[in-house]
Amino acid sequence: MELKNKKWTEAEFNKVREEVLTHWPTGKDVDLQEAAQFLKGIPEHKNFAAKLRKAKQEGITLAQPRAGVALVDEHIKLLQHLQNEGEADFLPCTIDSYTRQNRYNECQVGIEESIKTNRSMLNGFPAVNHGVHNCRKVLAAVETPLQARHGTPDSRLLAEIIHAGGWTSNEGGGISYNIPYAKSVSVERSLLDWQYCDRLAGLYEEMGIEINREPFGPLTGTLVPPSMSNAVAIIEGLLAAEQGVKSLTLGYGQCGNLVQDVAAIRSLIELSEEYFKTYGYKVDLTTVFHQWMGGFPADESKAFGVISWGAATAALAGATKVIVKTPHEAVGIPTMEANAQGIKATKQTLNLLKGQRLQMSKELELEIKLIKAETKCILDKVLELGKGDFAIGTVKAFEAGVIDVPFAPSKYNVGKMLPARDNNGAVRYLEFGNIPMTKEIKDFNKQLLEERAKSEGRQVSFQMVVDDIYAVGKGTLVGKPEK
Amino acid sequence: MKNNIVLGVIGADCHAVGNRILDYAFTEAGFEVINIGVLSSQEDFINAAIETNARAILVSSLYGHGEIDCRGLREKCEEAGLKDILLYAGGNLVVGKQDWESVEKRFKDMGFNRVYAPGTTPQMGIRDLKEDLKIV
Amino acid sequence: MELKNKKWTEAEFNKVREEVLTHWPTGKDVDLQEAAQFLKGIPEHKNFAAKLRKAKQEGITLAQPRAGVALVDEHIKLLQHLQNEGEADFLPCTIDSYTRQNRYNECQVGIEESIKTNRSMLNGFPAVNHGVHNCRKVLAAVETPLQARHGTPDSRLLAEIIHAGGWTSNEGGGISYNIPYAKSVSVERSLLDWQYCDRLAGLYEEMGIEINREPFGPLTGTLVPPSMSNAVAIIEGLLAAEQGVKSLTLGYGQCGNLVQDVAAIRSLIELSEEYFKTYGYKVDLTTVFHQWMGGFPADESKAFGVISWGAATAALAGATKVIVKTPHEAVGIPTMEANAQGIKATKQTLNLLKGQRLQMSKELELEIKLIKAETKCILDKVLELGKGDFAIGTVKAFEAGVIDVPFAPSKYNVGKMLPARDNNGAVRYLEFGNIPMTKEIKDFNKQLLEERAKSEGRQVSFQMVVDDIYAVGKGTLVGKPEK
Amino acid sequence: MKNNIVLGVIGADCHAVGNRILDYAFTEAGFEVINIGVLSSQEDFINAAIETNARAILVSSLYGHGEIDCRGLREKCEEAGLKDILLYAGGNLVVGKQDWESVEKRFKDMGFNRVYAPGTTPQMGIRDLKEDLKIV
């Protein structure tokens, strides 16, 4: 099938679908009509799109953890703890890394070993292996909507199973679940596979069932300049909307400078709504703010400081949802107790800040303008390369380094761009590589980084970037040279 | 003799940031780094080590599946004729917060020469590697 | 001695001093000349005033816990833990409640019982009973400046002992350590006694030794409108400056609305500097921000959320120092481990926010203007009542209810004023009592509270105040009616 | 018979906020509250109880010295002829985070009828007091 940004026909979809459902035996249990009936029976408080819309109307920020283990009953126990003790507003099913690579055989090994050793040998819930029935079992056991969170370049079978299983949201996108999560999956391939996932959501919408889709905003989670992640989010949003997605949650990962973080969320909303309008899509747009995705301090009290500051920023930015970290972040996958602790600190902060927003200032206005201008430079070029088609343009933009994600594992990412923090902790472009920006923007970024270099008595260099990566784990935002 | 080392992230793990930093740090320290990147299989590590006549294999695992992914690597190295090659492992090697000593022991039992806890600096690994390779 | 806002003469001071030093046997060990020599030998990093000045110059916020136990060695162990594990920038010696009432005999009982039962039976360090020698022993054991923190209407002997003991800061003031801490000490009495403490600090200054003084900003710590606490802080600052105090730290307790909290600190700085200038005082002014002083959630993770948000607000306000709460706050005096945890969460947040300030917005500008206008209304009337003398005016202002502190135990406080939160969580005047404000200000406060009442479908009433008092402990800022 | 109760904060404790709220809540609940305020001695409580013929004394202590301050109150009440008066205590009664059951036991051993942990709502005390005084 040839990639273009055009809604798939029924024939196109069904042809691919037939094959997709054979990827693993559990695929045969997916029946779209039966699933639609099942989904219609789910109460509104367990529908992701409906709960998000309500939060947006009330102007509040809801909290969602990450969590997933190998076995169904253990997973239910984990989610119930996060719901009852942690007071999570949304529950996740984080999918394990083998499923993300479609290595279902290895999932099976992981499941069996988990039973044998009595501890989860997988870093998430292998939903494909567990199948539709078990996904429904998980939904029945909780009182919040469920979402699959993963990092799967080819999530087609997974999407079929989770939606039929009653999970009303799927995270990911053709860029955001490929470039940061795979080494050798072409952009063309993953865009097509995610058009499938979006079309599936669109089909449900056409049957009167709301399914939320959430492109993964933070990308590599490491010093991604807001304009780069916003450009990717807007492209994924437009591609999803074309396939019929109606409930869209665009995301952004905290960088750490309050003004920049708030500006990132505001410009993401404003610019994406502009594009949706231009292209005639009617979308129920919400936003998700990811608490700090980089290195964490090992000390749990310090981790609470990082978590709470992320929660405060999400509230001040007016994000609809915040994804929560835990005090165990530095050492790996948290216990369910630690996970609940992260949610509780977050919710307390959100409640204290209910209704409070960062007010407009000269600096915030400037930052919103800058992010929008940078994002437009990228998107204009993508559209030019694709001769008016964002899907084709995206493939060419990666080839050309017009879209360039820092620290991405994918060989389809040029990797010439380099980011670093300025003196206030805002993430700027240190090397633009082939990213097309105006001279004015380039000079402004350069000037800010040279100010920092000067104040630290060193040259602008890769060591600055390394220092920034380790900085939060060591307790600061901007990485200073070792004394 | 050149100090070639093979660096990579094993299994279905795609954490690329630390890999870039280790590449940078070990190169700065004078090693010839053959970086096979993320999502690398045991075979990828072994093939790269044979091709480049490497003296050490540095395995990263950040996603908790390290225990499954690293099993049998020492045996496969020996089968492939890499008799005395150094095997290092580091990152978040297991799922969850576990007692570090027991984790270290499990990896040493698997034939790893050095095992590093979360949050170890590259400098620690560089120092150990220089010591193990008797580089002054 | 007759109260007026005038620097005490040497004769006046010495006459009172002779008597003060007889209040408890340890008083006889205080020798001002010997103490001055000792203080001159203290390295700069252990001088409170010097460290504050440095922080102000660097634009950073430093963290200080509260802590104190009955016995010297245990107290040292506690402080060392807060310094080494908690990374506190300043250390406190919180004084026990018997000392605060000058009941040194009961302190002695507490000390003896503490030795017998092997746990602290006092809620602080009884510095007067321990005497100069032991205060110096504590100082020698730590590497940060020390400050006495208490709540003592008559702190004269305590001040003599701690300063001679090398502690270079004393918290308190004639209003702020009387009205919230005593039932039947007249304002005149406590103002005189605190003039003594200020004059003592002034004498050291004249001998070339910097002593910091810190009026207690939060007063009762419960819904105190910023203009009321700022008016008191400015009066105490002016009275201290008259007695020769040169290093002054004015304080404010977090109310919870970001814009109001930042406006409170900014207006406090601007207005007090204006007054110092008018009256010709040369003062090294710094500020202290108290993390939330009201009820805390019992859950420790939630407490971390409250603590971190306080730290973030302090940083965004640009306060020089922040006073830290602990995750044990809801249950009473914390263990040293919990105390260190609170500092670590705070310092992590401060470090992440280093250099970040809340930018000027329309709303912030308005709030600064409002607080200044309200404060001026109070101060103008105080000055009028005192016929130009702030000390005399203060006594009369309390009699008249012109200064009126909510929920104060003192019978010298009229207690007619009632505060409550508006819809955004900012603390407003619900009842002005006799506090003189312009009609415009009164109408504005009233309007904001009626907006809230309307949105909650109830009348403006005392129940609203009760709900606000419990709110943070229950997880929110504004107290909503029970459903 | 009127339901007079004496309310106050004992010892060198000046926490006034909770005192105001308890006053408000118990008054709303129909009790005649004699509020002697903060910084009240055992004698202040007893004198007020005698003068007003009170049926209960409600002692608050928020600053951790409650254990010292409350000792002997029951005995002094009996000496003063307040034979069957109800004694309630609540607040942060001891220094530090201690096992609640042992704190409660120590206060009950001292002769208190009811002892309340930090964070108890006024409603709880009102319910208990109505039960103890057999008020429907």
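Which chain is which? They are A, B, C and D, in the order written, and residues in each are numbered from 1.
FYI, a residue touches a chain if its C-beta (ideal position, glycine included) is under 8 Å from a C-beta of that chain, and two chains touch if they have at least 3 such contacts.
Labels paired with UniProt names: A, C = Glutamate mutase epsilon subunit; B, D = Glutamate mutase sigma subunit.
All figures in this text were calculated on a predicted structure; none of them were measured in a lab.
K.L.:
Between chain A and chain D, tell me the centre distance in angstrom, where each centre is the average of that chain's C-alpha atoms.
P.N.:
55
K.L.:
Where the centres are mean C-alpha positions, what is the separation of chain C from chain D, in Å?
P.N.:
Taking the average C-alpha coordinate of chain C and of chain D, the gap between them is 29 Å.
K.L.:
Using Cα averages as centroids, what's the distance between chain A and chain C in whole Å?
P.N.:
Whole-Å distance between the two chain centres: 45.
K.L.:
For the protein chains shown, what form does their contact graph take: line, ring, star, complete or other?
P.N.:
line
K.L.:
For this structure, give each pair of chains that are touching.
P.N.:
A-B, A-C, C-D
K.L.:
In the complex of these two chains, what residues of chain D are touching chain C?
P.N.:
Interface residues on the chain D side: 9, 11-17, 19-21, 24-25, 37-39, 63-65, 67-68, 92, 94-97, 118-119.
K.L.:
What does chain A use to touch chain C in their complex?
P.N.:
256-259, 297, 299-309, 311-312, 316, 340-342, 344-349, 351-356, 359-364, 423-425, 472, 475-478
K.L.:
Which bits of chain A are touching chain B when the two form their complex?
P.N.:
It is residues 97-98, 100-101, 103, 106, 109-110, 113, 119-123, 151, 180-184, 220, 222, 298, 328, 330-335, 338, 407-409, 462, 466, 469, 473 of chain A that touch chain B.
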